[in-house]
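Shared between the two complexes below is chain A, which pairs with chain B and chain C, respectively.
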Partner chain A sequence: MTDDREHYEAVVVGCGPGGAAAAAVLADNGVETLVLERGTEAGSKNVSGGLIYAEESAPYTIDDLYPGFREQASERPITEYHIHNVAGNKVKSYDITDLHDHDTEWSDAVLRRKMDSWLERRVHERTRETGGGVVTGVHVDGLIQEDGEVKGVTCEELDPIEADLVVAADGVNSELAREANLMDWEEPEEWFQGVKAVVDLPEGAVEDRFGIGADEGAAHLFSGDLFEGVRGGGFVYTNEDTLSVGTVFHLDSLVAEEAEPHELLDALLTHPMLAEYFDGEYDELEYSAKLVPDSKKVAHTSPHRGRLVLVGDAAGQMQAQGPIIKGMNHAVTAGALAAEAFVESRARKSRKAEPTAGELYERKLHEEGVMGKLRPKRYEVAAALGERDAVTNLTDRVLESPVGRFGIKAADSLGIIESAYSSPFMSMLMPDTKTPYVTLPTVIGEALGDRVTGENTIEPPALDDRIGDLTYDVGDPHIELLDESYAASGAAVSACPVSAQDFGGGCYRSETVKTNGHEERVVSLDTQPCVECGTCAVVADTDWNHPAGNKGVEYKQG
Partner chain B sequence: MAVFDPNDFEISELGPKVKDVEDAGDLEEVLEREKEGKNRDAVKTLVQSRIDKLHDEDEDAIDYTELDPSEHTVAEMANLVRDVDDADALRGMLEREEAGEDRSTAKDRIQSRLDQLESSDDDGEEEEYVPPEEKYPDLDHPTADKQYVHGVDDGEYRDMWVYCETQQGELVDVSLEMLGKARQLMDDYNDQYDEEELVVAVLMGDDVEGHAEDCIAYGADLVVVHEDERMARFQHKAYSEVFCDVARGDGHPYGREDRSERDWHEYEEPRYVLFPATNNGRDLSAQVQAELDSGLASDCSGLYIEDTVISNPAKTGGEGKRQFERVLHMKRPDFSGFEYSTILCLDKPHRDFHPQGGSVIPGSFEIPEADAEREGEVVHSDLDAPDEWFRVDVQDYDTLEEGIDLTGYEVVIALGRGIGDDPTKGIELGLELRDAFEDAELGLSRGVITSSYSFDGHVEQYIGEDRQIGESGQVVEPDVYIAAGISGAIQHKVGMDESDVIIAINTEPDADIRDFSDYYVQGDLFEVLPRLTEAVESGELRLEEIAAGDD
Partner chain C sequence: MYSVVLTKGVPDFREGVVSFDEDGHLERGETPTVMNPNDKHAARAALQTKVRHGGDVTLMSMGPPGYGDVLREGMEDVYGDDCVLLSDREMAAADTWATAITVATGIQKLDEQPDLVFAGFKTADGETGHTGPQAAWCMDWPILTHVISLDVDEDEGVVRAKRLVQGDVEEIETVEAELPAFVVTDPEFEPTYRRAEHRLLHKDLREETQARAEDHESVMTVWDHEDLNLDPDYIGLDGSPTIVGGVDPIPKAPSEREATDVDPTDSQGMEQVVEELTPYAGGD
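== the complex of A and B ==
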């Protein structure tokens, strides 16, 4: 019944920044564009650490495409950027605002519910003009494929819809990218996992406690020994009257250390350094979590198949290279370039068989420099050397030795460390080992740090209360545990941000089952507390899908 | 000026020039000049074909009264006669054909044109309506075999009929919802159109008459009851036949001959009819509406009656716009409720689409307040259903497990993941405590239900979502709630914190449940539950005492 299917020129799946950018360029070129969003409102499913950049070198920025964005959709502009090396309660801080400012037109802290829902309203206005619009509460769960070709999308709530262009802007756990075999969830070392708390502060406290003006904002990064040796770091970003406090770790490291993400977040929240931000009062508005692709490893170099193009997290376009953490800006550029490519290929079609929209999009990603940022050449060279265990151990031992510490002190007095941190080139070639994340900052903190004297008395909520506040209607279980043995899926018990060892109220729980006299350790799954981060899709053996439209977690902050 | 010298022109220019010439004689002249001049074959063909065409046109103008049929093939005759509007000329032609070649096919053509002219003469300007099956008997008519479809044209329709479904001897809620809506619609209708039309409830089955009073209390003016012990369960054939039989008026062209006169059905068919969009209601509605040769708006969630103006020529007979009065507007969700369409069931010329009918999604309308004072009439169907309608025999049936309803017990004992060390033993202990009370039942936390605990066969029956207490399970408010091995997450709390007395048993002194318990026993449920059971059984601990302790 092919003839009966709904048809749109373009279907955009997901109304985050990537989808919104694609929709804007499509609509402005008169392309009939339908945007499908699975949340009750755009942003209700979205989490980010919280900074969006407008790069000087980028062909598109979100405020170009959506004027008024900074005034109406974002929080504070980030005007200062610091990194703190922590060793016990000794901390050595560097001002890396120069790194932050490099190639930056502006950068704002954002909360995604507010930001994406604002975008959604604009997207709807723009796409409605073309005969399309935004439909929320629709879970796009697959592709129409005929004779191996992508023809459109299938949805849980609507009949299949055909399109000449399908933009998969459906996030890090893109079901479309996986159905098209462009992305997978196989290797933990290709992903980061972030958890975040949005913390309410009294009015005026942000300015007072961070020493900033009304139109200023601060970003602080933390690394060192406060995370039990897990590779990663923490951040604090200032919003209007709230703080985004989060931790981001390499997923393979979380799994190897059997660390509990919420406890690592608490380690940051309760560190004496943060005492001055809270002043003894702690009011957590929301706990959230997200998987983050490591673009160095997974940014797809050819993110398209037939009529399908991937943009943003769905294509692994998340640049997390040391203190450079940029994702949404790349999603915006990619979305707009994909739309541009479609419009161009359609215009050329009458002449002869030209490159497809996907091929043009791929070419543009390279020509506009996006791919170069996501997969820096320098990293690939450095990784070949730097990620070998022997080299890591050797560097770590040298750094920890008296000689190494002497070197650090000497380097600092010469200003080498600060300038190294401030160098985008250094950041882009940092290998994914303990050296830059743990060993080096710890050594710096110990050798050079000042003792923090404040006492942090706050008590973050326990995991069950955090989950309790996220209570929602999950509908039918959307994740199926394929192998319940502890060997196959046990890693999820710790790594899942809403599960923990010896905690019965989470998604994944460790259980000992006695059958016919022998005991077996297994895991069980309850998807009700699920925050849809996708961690278990990577670390456990599951059949992972998003819940139906309007079901599942609903973030109010994001 | 019409004659020109073709030698002055290229062939491409000559096409339009030649086409403008209307006189064959002029063209003959042009042709001559070409022959004398460049003598181009293409030009000669062009001019000659125009000459031939003009001659043909002349011939068309010939006098049909003198046309000799023998000069024409049958096919040519068929084309020729189509243009003839003079019946006498055709008769002449027919005579000459008979006198001449006397070809029967040619005579058929002439005769059929003659019939056409004469029949259209008979009824003046308007053409008589002929059903498509009769008009084009040679064509295949998939709808011609309408052995079950008996339509009415220009019939009289009244009242809103509501099929009131019963299940296991009870009126289902949607029947009451429809009666309430029908009452409201028909009250407005009678006001607006100054009519006195009724809400008619239809009850069919075995021992259903008892519901007639309820039907009246919820809005019916008239209840039609058909009792038949063979109809204890829904059966497609019998139910649809009976419904159609009662729905057809006494004088209905397809009605039963042996019907005794009914003073409550002096029209042909119901004006409107509503069915529940339940499994049985959908089944019945489709057959009944097809049998009555009308349409059906299935799964509706909104209804109103209004006049409407329609321009669709299929409905107006091509007269431009036409106002349809008293149209039942039936709103139904499309795209799973993302869009709504409004379905209208409208008569068209020579074929009525009545009753206007739909099926109604349960829960779409409120159940109205019952009015025991309302008056109404109950009438009975006199139909004696033939045995052949009951070819389907229900041999056996089963009722789906609905699960256990935990509300209404004096005591609920709920078990959580504290039973994890020995889940089967935990359930056994819970059951023993349950049995020690007079009126108690066993509940579970979500954590137990979604666990991978393996339970021994004899307690497995107690492990199911139907026993879950909390946000995604049941909400209970017993006199005494005993929560054993439950930490008290917010999702659990919302299912039980209205209980009068809450007793928590937990090994963790800082478990959340302690915050909203009246009694807290710190200890292992495997030790505490047996002692509690013993205390209850020995009378040492009495329910009234526990409850009194709350004061």
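== the complex of A and C ==
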């Protein structure tokens, strides 16, 4: 049987930016590379905020690997960056373009369907020359493991494939990372969840309403009291003729507050601050959701096992530190470094005792500074102190007191707040507590903010309309609910971005069952409207797998 | 593994495209001609054979010169290395028998003899499903019909297939035939590609075929009855034993009805409703 098995030198799972970067470096070094993508087209399964960065300090950038990327695959370059502290109708805004520009060669807004499908065509051209290529509609669902060693991958649609290198670039819900016991889905504290609306604007409206030129773009972040106390924030990014408006929250906080993600998004969309962006008209093209790993906690320090290497979200390589939100660039660097490591280890194969490709990859992640950004030492020190409840309570009480408010005013008059927001050093110190996300912005907004006078009359679509507008090719159920009790899985009813309390059209529904005279609250699951974000894998007791290739949700924007 | 796919041009019966006159007769001049939809399954089966075993695929059709476009559509929509059009006034107005003789002769005239000939299940206009079996009979080849999946064993020189047998119960039958063989695909036919290399090759071929379809005339051969050495008495209208006595449209239910709204509180009106319904209620 093994004689008949297909073999490629490298199999890359997932054709997002991490997979594409790995494929580029592998193909350029003549490595026979097969790329397996689950969607009908790369990008059809992907969601990001999304800004993609090219860092000056990074050894690889996407446009170096794929010339023409910025002209053809991205939206607008981000030329200004603002953060808004909100307290009711009062808003205090700071220009943090300097922070954004720090170590940034360029940064563009992107929509993933357009971006990844563009990449896929180039990846295919380049890998085809090596004897491989991109095959879409293939769900890689496991590893070939023999004698405890990874030998290749198994797929729903194809017979098992052997490889000398398996690059798991299969995203935040990587089935390969979990099968290799490198990642798990246990702690909500380790994840963020983001939801996003892509909103259509009339031609020329982006320039008019944001006061930018044709080749400019703006990014706006929002924090404060507009999200029911849930730790997180919102964003608005300008695309060519659309806006990406989204909210991102700590998953544990969403669960604790039993907040509905789509309602928090609506709280941002309908805030008077955003009135000027919509001018009373609201045309939502797509609602989407994504789980985001918190690299500070889960970026794997040794993301490899045997022939398997993890890159991008699959390895937890998503940096979210205050207003610094970078994921795709790290995936690109990691993918390219993993490929580089394989090429080097292959060249010195003859000598034993040489490090494996995985070990070399790990070394490169550290030497090139990627791990330092993903898991900053400064955060670990600050977190040890700052994330204790007693400290949070004390800080928050001081901030909210007259003394705190006076301090904020004094700090602002000295320019300290703006420069603190603009400091990459300070951003990395930021603890994951209510203080920086909710308390501080609210106090700043209240003490210093100007009242927003605009009236926002838009009505975002209801959740069932949002689900109805998405494109699905429904296959067999891909998630199994292992424990239907409300105690084990009830958190999914609110936290799932396509479910809600008292809503019958979502994935997770709360039900009361009467048996033998007593009532029990249980949870039921229908995977039909699933957007494959993975939230329920963390907050409920499930056996979570991706749908088959070409099946499930198909994002048109992403 | 060399394959030939037989195809026919048929009126495009899709709603919004097809045109009927007042009496319900097809307006041939107003309705575009397209490749018979069922033949695309046959072409997919031939493409699967090419991808898995190599070799060429020839599309063949009998029809007026305009059917070149049907062959182009087949090449573009599925795949074809080249195409043959059997076209001649003497071949016109043929029934299934005369057509079978003509296409069987066309196949036998090919430089290389195919291992497999594929045909679709029924044409959208005639709906007889006869031409394939009759052509197989003319060539004295084994025929597998209603094929939903296909495997060629080159070493053994056989083709194995699953066929969908629909009757009182639905069954899937596994059959085997020696090559060369004639295969009629069922609309349920699904090609399977379980190897990445096959999917990659499939992708290459699909890209390649788009370009070739644009320029299909450069790979198209046209043969008339003389090229095929066929006696005009045995082909076309003269060679057709079938006589169509008439075509009767199936009457459709009238689309308009008369309706009266009755307020349930209107006792006189409701009485009338009961009165009118009584004959249908099986009562007195």
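Rule of thumb we're sticking to: the second predicted complex is superposed on the first by the 557 of 558 C-alpha atoms of A that agree within 3 Å, B and C clash if a C-alpha of one lies under 4 Å from a C-alpha of the other, contacts with A are read in each partner's own complex, and residues count from 1 in each chain.
Keep this in mind: contacts are C-beta pairs under 8 Å (C-beta built on N, C-alpha and C of every residue); 3 or more make two chains touch, one makes a residue touch a chain.
All values derive from a computational prediction rather than experimental measurement.
Colleague: Following superposition onto chain A, is the placement of chain B relative to chain C best described as a clash or a fit?
Modeller: Chain B/chain C on chain A - steric clash.
Colleague: Between chain B and chain C, whom does A:L34 touch in the aligned arrangement: first, second, both, or neither?
Modeller: Only chain C is touched by A:L34; chain B is not.
Colleague: For A:V135, using the defined touch cut-off, is the partner it touches chain B, chain C, both, or neither? Pick first, second, both or neither.
Modeller: After superposition on chain A, A:V135 lies in contact with both partners, chain B and chain C.
Colleague: Considering only touches as defined above, state whether A:Y8 meets chain B (first), chain C (second), both or neither.
Modeller: Touch status of A:Y8: second partner only.
Colleague: Regarding the shared-chain residue A:E157, is it in contact with chain B (first), chain C (second), both, or neither?
Modeller: both
Colleague: Name the contact category of A:T515: first (chain B only), second (chain C only), both, or neither.
Modeller: first
Colleague: More residues of chain A are touched by which chain, chain B or chain C?
Modeller: Counting residues of chain A touched by each partner, the higher count goes to B.
Colleague: Looking at the overlay, what does A:D241 touch: chain B (first), chain C (second), both, or neither?
Modeller: In the superposition, A:D241 touches no partner, neither chain B nor chain C.
Colleague: Which of the two partners, first being chain B and second being chain C, lies in contact with A:V523: first, second, both, or neither?
Modeller: Touch partner of A:V523: chain B, not chain C.
Colleague: Just one of 22-30, 40-48, 58-66 or 274-282 in chain C hits chain B in the overlay; which is it?
Modeller: 40-48
Colleague: Check chain A for residues that touch chain B in one structure and chain C in the other, and list them.
Modeller: 135, 157-159
Colleague: Can you tell me which positions in chain A touch chain B when the two form their complex?
Modeller: 135, 157-159, 464-465, 467-469, 471, 473-474, 484, 504-505, 509, 511-515, 522-526, 528
Colleague: If you look only at chain B, which of its residues touch chain A in the complex?
Modeller: Residue positions touching the partner: 335-336, 338, 416-417, 420, 422, 446-447, 450-454, 471-472, 487, 489-491, 512.
Colleague: Would you pull the chain A residues touching chain C in the complex into a rising list?
Modeller: Touch residues, chain A against chain C: 6, 8, 34, 36, 124, 128, 132-133, 135, 138, 157-159, 161.
Colleague: Write out the stretch or stretches of chain C touching chain A in their complex.
Modeller: My answer: residues 193-197, 199-200, 203-204.
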